[in-house]
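What follows is one structure encoded as structure tokens, with my remarks underneath.
So that you can tell them apart, the chains are marked A, B, C and D in the order they are listed, and the count of residues begins at 1 in each.
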């Protein structure tokens, strides 16, 4: 089996999705990137989680050409591809897409998830942003590819590992990380902080964000050169 | 055993209801239609899920006459019958009724579930409608049959597989599909999108529906002649 | 073992509480009444659910005297006793007390659970009422007995099986039925309709109650002389 | 193994956290204090729950010096230490920190959990308070130690076992008790009453607190010299 390592990592991460409760029915997929080879493995389309094997993962290059695999890749593949093309050299090795319910709630409300506390700041350096509305031309054109483009536009010049998640407006979250397991962990964290934020806003619609110095403290005690937490 | 095929399909779909969490206590039932024979199988009344067997399913014709089976059919049978009479020649082969909590919340609020995002648009082509209030005469007359009539009135000229669910006001959802499994899957999807919508409206009471071109894109990439998603 | 029948029924019903998710930690208790003997069995105080045996149930008469059993009865025993004294000749054979979360939410909001739909009307004939605030004298006097008295005052002349639940203000639900299993089933139904009502009110704060003719239809197709549903 | 007793108690209490659903991912830790020896055991940093052994617990004195153990203690250790220093002679033998979602929601909303009912009053003698915002100097200085200081400032002269929980603003709950099991039980109770309060406030934003005489009745029938409930 070629590309066995990213296929296995991709399988393992995909299998976590139903276990974590992030995925209802069959919504959701994970991909894993090999920066040296310039290819990524992704879940095939239409195979139920309980039957997935490593050999079923589809391997594509950054132009979208299938380089290995007999099945059709997930329909969302072009979105993953755009993200690896933009962030693959900045340490992003895995992308997760889910329709987890609380994160979707913010995407549908076209509202960023405010950074109300340390659970959020432990994972995301500031509010998790929502993309602009996609235009009719983008939706009717190469829709899944354009979805990747609006995510990249939304992240802008922020280092992608400082803000490893975006909410696609009226759709749902795309999340990334340095490995399949890390990306799924951030997808879980995103759902948790979205749930907490919904509850906070329910009891205090004008809840103020955590102060910047608290956000910085928590984010940087877990990330970057000066991290000291949970290592 | 006569009508073994629809009995088995009906049993299997009914047994999914408690597993999916759609059904509390014993609320809920599924029926399966055989368009050639012009008959449908439905759950019997008063048999707990853990004791249900295929042979317990009751088979009726579209006039409501029992053609096979020793038990009493579910009290909601006339509602199912009206739906098969109206939609059985348009591909509807199964009807599910649940009291799933988030869908019921909209039925009780007399509010359609707005189409706020792609999870919704992947399954339902627009807002999921609520029936008008039933009149006192309808409720005191052939209530369960009239329930079917207000559903059909509510769907109107919409193709039933474009909008495979209706919320009966102050009551709950009726959902349908091309098979027992599909109908249950749509009942699950309905509950999920209702949950997401409640959460979206909680953080943004004026949340805007997804644009039509996005709704069309998602619905038609999964349904109809040009579908390409998850096939 | 004396009073084996009500002890066993009482044990079985108590053991359902943690299984149904109605009870967190050790909040909650069930009693079962023997109208002929004029005694009831109730859960003992301070015994964890996993160690409860039928022989541990405490049997008391309607004056509150222990007639059989070696353990201390639940501290809430006087409340149960008042309810059997008031309703034991009207078919009430079991009382359940829980702190189930959605029902408690209404009790804490001092708000009756409005009858918004048929799930509610299938079980409760109208809004589930909240007791008046207890006075300081009642709370500092025979508190648990006075709790029973305010419940009876709140039900008034309503037949107790038409409204088999009351929310004690700032406290939680007391529920009853014709057997241990029935009383627990109604406690579950109460929690479900409370959850549905919270969700309905969240998307429509002015949600209107279901019309009386619909409530009557649903309640009486399941209860009383003309019942035909699910029998 | 030195300090075997507090190590075992600490392990057992830590292992409860994922079981109770209080802890998502790896957020959360428990410590247990030995008042005679003047030392406490705490969860090590970065060891997953399923691999924790009693020997992994780290034992420190009240100056923060490790007196036994080979692993790094939890990053939150200075917070626990301040609490044992302040309350260790008043019966507090265990401290629990979680990011349980409903309690966090209040911490993020900078709002005390109001005492709306008896479930709350059975555990906490009045509203569960939120700390003041920490200053930039406190956050950039000895952050985890200063977190302990603001908790102690917030509790003030209240006996710590009358109010065995505080919400650290924009962060989450710290909870304590007379044993590891008791502290975890109070952390569970806190999450339950926070959930109930969110739901009560959702249906009645101006919900009034329970009267003082009811709160006193419930708190003191379970705590202190005159307790008679569930003993």
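Just so it is clear, contacts are C-beta pairs under 8 Å (C-beta built on N, C-alpha and C of every residue); 3 or more make two chains touch, one makes a residue touch a chain.
Keep in mind that this is a model prediction, so the values were computed, not measured.
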Shortest chain-hopping distance from chain B out to chain D: 2
For chain A placed onto chain B, the superposition rotation in degrees, Cα atoms, nearest 5: 90
Greatest separation from chain B - chain, by CA centre: D
Interface residue overlap between copies chain C and chain D, same or different (over half shared): different
Where chain A and chain D are represented by their mean Cα positions, the distance between them in whole Å: 33
Interface hub residues of chain D, defined as touching at least two other chains: 197, 202
Contact graph of the chains (line, ring, star, complete, other): ring
Residues on chain A engaged by chain D in the complex (per definition of touch): 116-119, 185, 188-189, 192, 195-197, 199-200, 202-204, 207-208, 210-211, 213-214, 217, 221, 228-231
Residues of chain D that touch chain A when the two form their complex: 24-27, 45-46, 75, 99, 101-102, 104-111, 133-134, 136, 139-140, 143, 170-172, 197-198, 201-202
